[in-house]
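Letters are used for the chains, namely A, B, C and D, taken in the order the chains are written, and counting of residues starts over at 1 for each.
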Amino acid sequence: MLEERVERVPQPVRLRPDYRAEVTERLRRRGVTIRDIAEIVQQIQAKYVPGITLEQCEASVEAVIAKREVQHALLTGIALDEAAEKGLLEEPLLSILRTDEPLYGVDEVLALAITNVYGSIGLTNFGYLDKVKLGVIERLNSGKSQGHVHTFLDDLVAGIAAAAAARLAHNEP
Amino acid sequence: MLEERVERVPQPVRLRPDYRAEVTERLRRRGVTIRDIAEIVQQIQAKYVPGITLEQCEASVEAVIAKREVQHALLTGIALDEAAEKGLLEEPLLSILRTDEPLYGVDEVLALAITNVYGSIGLTNFGYLDKVKLGVIERLNSGKSQGHVHTFLDDLVAGIAAAAAARLAHNEP
Amino acid sequence: MLEERVERVPQPVRLRPDYRAEVTERLRRRGVTIRDIAEIVQQIQAKYVPGITLEQCEASVEAVIAKREVQHALLTGIALDEAAEKGLLEEPLLSILRTDEPLYGVDEVLALAITNVYGSIGLTNFGYLDKVKLGVIERLNSGKSQGHVHTFLDDLVAGIAAAAAARLAHNEP
Amino acid sequence: MLEERVERVPQPVRLRPDYRAEVTERLRRRGVTIRDIAEIVQQIQAKYVPGITLEQCEASVEAVIAKREVQHALLTGIALDEAAEKGLLEEPLLSILRTDEPLYGVDEVLALAITNVYGSIGLTNFGYLDKVKLGVIERLNSGKSQGHVHTFLDDLVAGIAAAAAARLAHNEP
């Protein structure tokens, strides 16, 4: 009986593309590994969950990246960074992204969409990371002086780390 | 090896209270059943997923209510509605809640926290429901004329329905 | 004394670029005038503010577009639509934007950043507009079948109209 | 002609209550002055705007508090803190608020509604303040051990300070 009903209902699963592979490859191309992000998660979670392992943090980062909302934000933000690097955007957006204009907030808005996926407690971690720039976030930030554009990526990485930390705190799927 | 590591790590699971029972009871006390909310979900999803059953919609509403973020928002909003009904709040908040002042936006803010749990696509459904007031939302709204305060509850119910619909679309846990 | 102090403080005003002209021109290039958006505002506000004029609605749309947050969101969203139209983006983002994939939520996220500028009451109007597609929003939407990409623009226009309506309700600068 | 039309249009101004006095008094009752918040703003803005005065920061805090969205969030959050202090709430909400349960996120959600009023750049400051707890925020936080409930207020104060700093950066009304 159940099977019959299930058969008549269109299977949303089939319609659901998963861009995990593309996103992971895109991150690597921009100089960021899952492990880099996991290291940040470990640093911010260590005092709440003593003894938390890098493997647990990696698993949490993977779970965050499995969310479609997160994949969409990453694909979009990285595309904008790369388009700015290649000069494919019009002014004034080109200069705004190249200089990471401090009043430009679209990068934070995209990162917040990632952080929100595990509720509002990720928000505090995101703001903190965006300010103190731990690990790979600092590396991305200083790469900006060598012609790289990471206006979106540094915020997106902070957003993923904040969400992965919130996920560990919530212990949610 | 793995077991050893797991043993040393504090179990966040034990620290995680689940208020599903309290929330369901509180909703019922305020005149809202899971089925009421599922009926709204079915109405808004029917054209995207033809043949979707009320049982599938109920399961989705249950999954939304299992999220802690959602439980916290519901417990808080219902407490404010009831405090206003009993006259336990000071002015001007008491009158703002009793009259559901149109410019008061804290109710929408709480509902948005619920909707966000399944990403931004729930947002559109929420705004639509808040405007057209399907099913139990309309009932809550007209109850206001009989001395009931549902300033938060009508938005929270719209938020849960919108999230449950987004969850079906995303097909996520 | 006060003047002296003011003189020593760097003037943030000078650092503040205003992209109102670029944004208005970019909107027109994509087929949207201030008046088009004002007409939507008038439709949704007419029942709350009977007798509201198109001029008042235009002034409110202009005030929304004067906000930097809004300018940044518009410049970014239109750049993405145009990059997709010209095929300048990689897959899978290119197809996601060209087909306006229903589960892609970054467009709603950008629109919400606009709507939030006048507080949460704009949210309901945004969700409603995104669903019923009044005026130019419907026109943008049907243009999609002729090879145009308006994945971001239709949501951004709904966001501006919702914010302009909220601004009239709040009567804020 | 214009005047006539304006006369027929209902004046939203008259419908617009301003709770600035109530909010300022309520803050003082809970141990927070405008100056306390201005001092935090000065600390976080000093490196961006060298020579910024406490008076300028106070004026910015006043402008934030003049926004209705902010007044509503403050009145609501303080009412919840006080209801928890007086034991007027049911369980489990009573214990959640009294212990400031780390996974409760409604306080951050309300604070974010304040911060958003000046766009997304306030977000980073908010997250940072929520973590480092400068000035009066730390004082509120340690007062919790003496039976006071400031679950909402410490986040709301961080939200106001973050918004006031973003407002100075944007130089907006």
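As a convention for this text, a residue touches a chain if its C-beta (ideal position, glycine included) is under 8 Å from a C-beta of that chain, and two chains touch if they have at least 3 such contacts.
Nothing here was measured: the structure is a model prediction, and the numbers come from that model.
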Smallest number of contact steps required from chain B to reach chain D: 1
Approximate Å spacing (C-alpha centroids) for the pair chain A, chain C: 25
Whole-Å separation of chain centres (CA-atom averages), chain C against chain D: 27
Touching two or more other chains - residue numbers and ranges from chain C: 16, 68-69, 103, 105-106, 109, 112-113, 119-120, 169-170
Touch-based graph of the chains, sorted into line, ring, star, complete or other: complete
Touch list for chain A against partner chain B, complex: 5, 8-10, 12-13, 16, 49-53, 56, 67-69, 113, 116-117, 119-120, 168-173
Contact set on chain A toward chain D in their complex: 48, 102-103, 105-106, 108-109, 112, 119-121, 123-132, 169-170
Touching residues on chain A, where the partner in the complex is chain C: 16-17, 19, 22, 68-69, 72-73, 75-76, 79-80, 83, 88-90, 92-93, 96, 103-106, 109-110, 112-113
